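Both complexes shown next keep subunit A, but they swap its partner, so subunit B is in the first and subunit C is in the second.
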Partner chain A sequence: MPEPLLTARGITAGYGSQQVLFGIDLDVYPSQTLALLGANGTGKSTMLNTLSGFVRPWSGSLRLDNEELAGKPAHRIFRRGIVQVSQGRDLFPDMTVEENLRLGAAIRRGPVGQLLDNVFGSFPRLAERRAQQVRLMSGGEQQMLAIGRALMSQPKVLLLDEPSGGLAPAFVREIATIIGVLRSTGVTMVLVEQNIKLALKVADRFLILRDGRAFERSDMREGAISEEEIVRSIYL
Partner chain B sequence: MLLMMAPQLVVSGVTTGMLYALIGLSMTVVYRTTTIVNFGQGDMATAGAYATLVFAVGLGLNFGVAVVLAIGVLFALGYVVQRALLRPIANAPHLALAMMALAVGYALRGGARLEWGNQFMTLPRPYPQGALALGQVVIPTDTLVIVGFVLLLLLILLVVFQATPLGRLTQAVFQSPRGAALVGINLDAFHAVAWGVGAALGAIGGVLLAIIVPLTPDLGEWVLVQGFAAMALGGFGSLGGVVVGGLLLGILEKLLGFYVNSMFIDITGYLITVVVLLVRPQGLFGRRMIVRV
Partner chain C sequence: MDSAAASRAPARAAEGRLFFRRRRVFWLLPVLLLFLPPFLNQYQQYVVNTVLVYVLVGIGFNVVVGNLGLLAFSNVAYFGLGTYGSALLMAKLGWPWAATVIPAGIIGALAGVITSIPAVRGVRLFYLAILTLAFGELMRWTYVHWESLTNGSMGMTVPSAAFPLDTDRHRFYVFLVLAILAIVATDRLLRSRFGRAFEAIRGNEVAAAAMGIPTNRYILLGFAWSGFIVGIGGAMFAISVGQVSPPSFNMQELILEFAVVMVGGLGSLIGSVIGAAVLTALPQIFISFPGFQELVFGVMIILVLLFLPRGLVSLLARLSPLFADRFYRE
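Showing the complex of A and B:
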């Protein structure tokens, strides 16, 4: 096993006095996808937001490439290469597709033409709509754009929060394909997903959260656990 | 005879209108970055004038140096106000933010009252007082200086907002603060600097104003109303719009004040705000209105 790229140890976090995470450990290996699974309200999104710095951990360690990042503000963690695609997508609605993508590379210096070409290569549909206003695009296209915008900063770890949330089945399949392509090109990802079928299809490993604690972890490729067992451990 | 006064009234209206425009511009900079209308901006403008008074008259510094220092002080004030007072309640309803801005304004006004009471102060005119005669119309140097400064600042702001990466970022932060944070923008710093720049621009407005009208602690309230009316008339967020709005307001109040009743000089700003909000809330040039108060 290679060294993990991103490790979290004993992460506790919450909002106000409400504790949500109770000591989470996780490891993310280079070019692999870790899926965080669990029912609603078990702390998956909070964990993801803690990794990206939008939620500050109360305690615990968060290391990327052996550099301690716990407690650093979100923009510093972004500069280190942990980049999040949020559940709400949070695009710039009155700008075009291309403007949104360019802003994804806002803090980079130097030309972004090559990065833009790469994203348009991976997402031909975005290339067709490059001059379109984002407000007028469908949910699925916006999700693609949100992922494309995150890729513009060439992240070391991409965090995806419910990428299939609220999308029509056709788009869910398309998003699954996209995540598959990203994985095959070596992008390291942490995925929060309610759609277990999708998660299991694209993840290398998974971690099940229950009430803010890690309930079970496993390597998918060991083939030791079935979808049914996972569903059972999430909900029962 | 009465009609012959009109061009001179217009010149006078342009002078004050451009000052309203500058206050409106400073509020627009804050609004376009933070979606907050700074209801303390009038007092920040007068604070800039008082700071200049302290540096130029109190300490006897060169007027230019005094203005630059005052601009620096107001930048710092805006920055600190955002960091210390607004950031902690950033997630509160917009009304709370507006009240906080208003409270900051009142605190500044109170400070000025403690020091200067209700005295009328004036800033020394740093350029010769004169006038240019164009036929029957007299154009004072004040008008030329004010129009020149405001147009220059408008030009700079237009270039920064419309044609630079910084302007694009500002637009991004306005459209989706969370989206901007997701592309790595340090939102706290961005907002604090915007408040600093807004306060510094307000200071320039305050200085230009205090050269032509008496400076009192309560001047800020009137300045705020005029700046807000200019913004409302021009369309919230529109840089060119706020200048047109300020000009129209300045000219209208002088014409109504002369031809109808002099009380209009005091109330035109309020009237315009009320009429615009009722009839055309997006103003003359605003695309849509997002004032969450």
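Showing the complex of A and C:
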């Protein structure tokens, strides 16, 4: 096993006085996908937001390439290469598709044309709509745009929070294909998913959260686990 | 946006090198204005000078409310502090006016930084509006009550200055240069990565932060820039009116300044210039009908907001893409 690219140790976090995460450890290996599973409200989004710096951890360590990032502001962590596609997608609704994509590379100096071509190459739907205002796009198209925009910054680790959430089955399949392609091209990902079939299809490893704690049988390897087993460990 | 510029680029190339299709055509306006004074009487010249003051007041205000998209209303405080700052440096320390211009800008910028604190700490909407309004009123209270310095509600007289600041006509040329500098510098700022960051913050603050943009830093900078430009406008105002008193910086003034930005076109630099011209000059036509001025003013605001929500600049943008600067959106 190679060295992990991203490691979290003993992460605790919450909102106000309400604690949500109670000491989470995780390792993300280069070019692999870690799926973070769990019931609603168990702290999956909070964990991702802690990795991206949008939620400040109360304690614990967060290392990327052996650099400590816990407590750093979100824009710094972004610059280091941890890029999140949040559950709300956080697009710029009044701007066009292309403008949104260009903002994904806002902190990069130099030409972004090549990056833009790459993203339009992998997302033909976005290429067709490059001048369209984002406000007028469907949820699935917006999800693709959010992923495309994250890729514009050439992330070291891509965090995806329920990319299939609220989408019609056809779009879920399309998103699954996209994630599969990303994985095969070596993008390192942390994926939060309610759609366990999708997670099983694309993830290398799993971490199951229950009430802000990593479930004991987590970190199960691909092949060694069935959908039923996952469902049982999430809910029972 | 870069991208908007990029998508317009082929069109621009197709238009060829026609002078009138390019931004530098705007330089015709100040050149023509150089020949204006001989045609104006002293009062008309004073009005035109006031327009130039409000060009600075408007473009500065617009950076915060239009480009950053924050409901912060301390603009009158920047204006008042710049005005009093310049007037006091002249009256108390005997500085020549020219030496007070940059300090007035710096005083305005400092006030900008102070009033950015609530915004930087995440205060938004109503709460930000009220806090920043309160700061403006606090400053006005200070002008009234710090009598030893400001002569209170009696107002203070600004020492008269020598050439080229001795007459309205001469001042006009100085003001014109300052207005051009302010416009060009603000245009540069808005076209740089700062402007892109402002637009991202206005579009969706969380998303901007998620794209690695240090939003707080840019918000502070936007306020400081706004205060700097408006503070310089204050120095111009001081020398132009010759008599500075607290009522010049009341709520009604704030409404006028907000109207300059709104009527011109929220977010548009050119719009603020147009708004300054229209709202400062137009009411003067009705000066001999008391009370009618406010009426005209109110009706204008209502008409523009009802029928041209993007401001007067949107009329011009229909005629030529030159007026659709990057912050102009349908």
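Convention: the second predicted complex is superposed on the first by the 229 of 236 C-alpha atoms of A that agree within 3 Å, B and C clash if a C-alpha of one lies under 4 Å from a C-alpha of the other, contacts with A are read in each partner's own complex, and residues count from 1 in each chain.
By our rule, contacts are C-beta pairs under 8 Å (C-beta built on N, C-alpha and C of every residue); 3 or more make two chains touch, one makes a residue touch a chain.
The structure presented is a predicted model; accordingly, all values stated were derived computationally and were not measured.
Asks: Subunit B versus subunit C on the shared subunit A, clash or fit?
Replies: Overlaying the two complexes on subunit A (C-alpha atoms) leaves subunit C and subunit B clashing.
Asks: Quick check for you: in the superposed arrangement, does A:74 touch first (subunit B), second (subunit C), both or neither?
Replies: Both: A:74 reaches subunit B and subunit C.
Asks: Quick check for you: in the superposed arrangement, does A:131 touch first (subunit B), second (subunit C), both or neither?
Replies: Touch status of A:131: second partner only.
Asks: Looking at A:93, would you say it contacts subunit B, subunit C, both, or neither? Reply first, second, both or neither.
Replies: In the superposition, A:93 touches subunit B and subunit C alike.
Asks: So, does A:168 touch the first partner subunit B, the second partner subunit C, both, or neither?
Replies: After superposition on chain A, A:168 lies in contact with neither partner.
Asks: Do subunit B and subunit C touch any of the same residues on subunit A, and if so, which?
Replies: 54, 73-75, 78-79, 83-84, 86, 88, 90-95, 99, 102-104, 106-107, 149, 153.
Asks: Going by the contact rule at the top, pick out the subunit C residues touching subunit A in the complex.
Replies: 1-4, 7, 193, 196-197, 199-200, 203-204, 206-215, 329
Asks: Which bits of subunit A are touching subunit B when the two form their complex?
Replies: Where subunit A meets subunit B, its residues are 54, 73-75, 78-79, 83-86, 88, 90-95, 99, 102-104, 106-107, 149-150, 153.
Asks: For subunit B, which residues are in contact with subunit A within the complex?
Replies: Interface residues on subunit B, with respect to subunit A: 165, 168-169, 171-172, 175-176, 178-188.
Asks: In the complex, go through subunit A and note every residue touching subunit C.
Replies: For subunit A paired with subunit C, touching residues are 52, 54, 73-75, 78-79, 83-84, 86, 88, 90-96, 98-99, 102-104, 106-107, 131, 149, 153.
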